[in-house]
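Same chain, two partners: subunit A is paired with subunit B first, then with subunit C.
Coming up: the complex of A and B.
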């Protein structure tokens, strides 16, 4: 049991890296566009399917298929902004929420139409690393390292480039940013493209770990929400830390009890944080 | 205008009441029963949503209504009539447990919506986790009873039809009662500004709880009727995020601020779903839902007031223009 829990702990940390990346995209969109992207996990699912199709159906080599998948998701992000979010920017918050919720229905069923209800996956024989009594799957390790690298690049992008600083400026104070000559429309497109590309990247990291089916995305949407809320909405550092907390907590609970109990635990944390500490773990009470 | 509306509603009601006498087709009766039943649930949802307390988790109340009487009957032989009361009380208790802290800590608007969404997901996860009792995602079939009437089982499907009509009328009656009482005034004021309302002495928490509890109780009644009518339930059809969202979509389509909006929206939606399912469903699995989702998207973007709301606004506008020209 002790080894199992140790392993669950390590897997939780490793998966936490990918979850951090997942939550980062949702958080970024929320912070900048002030919209809750309800169909975020479903976009990951779509990215997974695209990579699968590029590789398994069209015969593109896997790394190129992943790159194509990321690119397609970025383009899809731009289209989401153009066709869906832009017309709703001035709409009541609830209409935005419901519109993106109906996007869930569309995306899941488009996947159902194209790929059917079967589980699809790309079989990869990746080695398992043994450290003493503990086994680590190299697919998890690669996903973790990759996610950390991408997060590092995003950090540099947001802090060292003009566009990144413009994104942060819009997130902090839209009117002031406009006063400084930043065009929010461009920033929104870039944000949605980056958010879309992130769903593609997360999907690429998931390829060696999971198989995909049309309802694959919903649990990741919820997971991303829980992480974002726990860390404080729009707070990128908070999201990073809480991804590991949630990753470890759910991973250990899943081993000790069951995956449903793990999911229930995550959701209960979500509700409690919303009630008691809506600003999140690291937030400052306004 | 109200006279026209009243006549129209009277005609629709008469049509609904007389329909089973003229149509013996099981299929027509079944479709209208579903229409009435979901209209009732959508009305129950809109009862609170129209005051800005938008729940995306009504599936949890629906699920309690469906599962509690069904489980009590299957395991202990307890009549679903009594089970229904237990289910309604349980839904009311959950509504208070959930609603009180939310309203106390001022979780409003889309934050409230997200909390309720999470609760709906917890509800269906609990049903799946208790798979030894509930059958998990495979669902639960309600046992056949030897005492049909006492155990809420009727061989004549028209009984469910009239029950659904009665439930819907009850929902509409409660809507009217709220409209005519000071509860509506208080809740409208709260919807405009909680701070202003509370500084004028309106007890924000109590009024919000009242309407939430009523809505939850009615929704669980809808769950009971659905389960007893269909006799098979699973977490996807009576709890969880999917059904919760579909209930709000139905109400919003018709217009959640108008008493007949949820009914109109649900009728259109149920018929549309069935039509698309029959004409396209077998060829392309999922296509009907895609069209459905896209229709919803367009509707939310272009007709945010819903069908009844938009028509009413249009008529009022025409009315004003007419009067202005005189």
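Coming up: the complex of A and C.
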């Protein structure tokens, strides 16, 4: 049992890294554009299918298929901004939420039309690493390392470049950012492109771990949303920390009880945060 | 350099500015004084494109700017120092300054601008890694002024720089405004503190309830009996 829980803890940390990356995109979009991208997990699903099609159907080598998947999702992010979010920027919150939520139905049904309801996956035989009594799947480890590297790059981008600074400035004070000569439209497109690319990257990390089906995304939308709320909406550091909390908590619960209970746990955490500390762990009360 | 002609600005149905006409010439410091709610901030926001004029025009160096978005106006060389030292609270002091040099014309001079600014404001150099939100009111005002200088502006719009500051800090802020004036920047300063503002003014306007009610140079303001009693407390 001790080994099992140790393993679950390690898996939770590894999964937490990928969840942190997933939540980062959702958080960034919320922080900058002030919109909740309800179909974020569904975009991961779409990215997964695209990688699958590029590789399994069109015969593109897997690394190139993954790169193409990331690129496609970035472009899709730009189109989401152009066709859906931009026209609704000044609309009431509820309208924005409903429009993005309806995107879930659109994306899931498009996936159903194109790829059908069957589970699709790319079989990869990746080794399992043994450390003493503990077994670690190398697919998890690669996903974790990859996610941390991408998060590091994002950190450098947001802190060291003019464009990154502009994104943070718009997130904090749109009007003043405009006064500094920052064109918000550019920042919004870059943010949605980055958010889209992140769904593609997360999908690429999921390829060796999961198989995909049209409803694959919904649990990740919820997971990402729970993490973002737990950390404090728009707070990138808070999201990073809570991704690991959620990752470990669900992973250990899945071992001790079952994966179903683990899924419930995430939502229970969400409800508790809403009741006790609605601004999140590191959030500032508005 | 800056020509505001018969500008009307509305908030919904409320007319915040009515037929306002002002001029700022090269190297000139122009002030607009008036009570709280007279439309002073509205005027500055109208000039820098954050609010749109319903009537009238704004020209900057003979180019019409009231039709342009705020970020384009900033690129032309107009910098706003917003009310209350409104800086980006979760960016470091250094990043706040860096974002000041966002526009193309300022970026290539960013390094030398940093050196100049840190020399001029040693306190900002000391606090460069600190979050701007943790600064005192006076320091935040300094940072907002310094940030505007980072953009290498031709015209600086200052919105109530003395608001909410202790008298000693107000003196310090006006020392910097004097320095900027000596450096040759064109300045448009709106202030409730008419006494202080008049000391740096080449030309002044009095704004009340959205309308300009008096204009003139410092002597003319000092001699006007109404302004003397209502604004200068003499």
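Convention: the second predicted complex is superposed on the first by the 283 of 286 C-alpha atoms of A that agree within 3 Å, B and C clash if a C-alpha of one lies under 4 Å from a C-alpha of the other, contacts with A are read in each partner's own complex, and residues count from 1 in each chain.
Please note the rule applied: a residue touches a chain if its C-beta (ideal position, glycine included) is under 8 Å from a C-beta of that chain, and two chains touch if they have at least 3 such contacts.
Treat the numbers as computed from the prediction; the structure is a model and nothing was measured.
Once the two complexes are overlaid on the shared chain, A:203 sits clear of subunit B and of subunit C alike. By the touch criterion defined above, A:167 lies against neither subunit B nor subunit C after alignment on the C-alpha atoms of chain A. Contacts of A:180 after superposition: subunit C is touched, whereas subunit B is not reached. After overlaying the two complexes on the shared chain, residue contacts for A:113 are found with subunit B alone; subunit C is out of touch.
Touching more residues of subunit A than its counterpart among subunit B and subunit C is B. The part of subunit A that touches subunit B in the complex is made up of residues 36, 84, 87-88, 91-99, 101-106, 108-113, 116-117, 214, 218, 222, 225-226, 229, 258, 260-261, 263-264, 267-268, 270-271, 274-276, 278.
Taken in their complex, subunit A has these residues touching subunit C: 159, 162, 165-166, 168-169, 172-173, 175-184. Against subunit A, the residues of subunit C that register as touching in their complex are 48-50, 69-71, 74-75, 79-80, 82, 86-91, 95, 98-100, 102-103, 107, 147, 151. Touching subunit A in their complex are the following residues of subunit B: 54, 56, 101-102, 105, 107, 109-111, 113-115, 118-119, 121-122, 125-126, 128-129, 241, 245, 248-249, 252, 284-287, 289-290, 292-294, 296-297, 300-301, 304.
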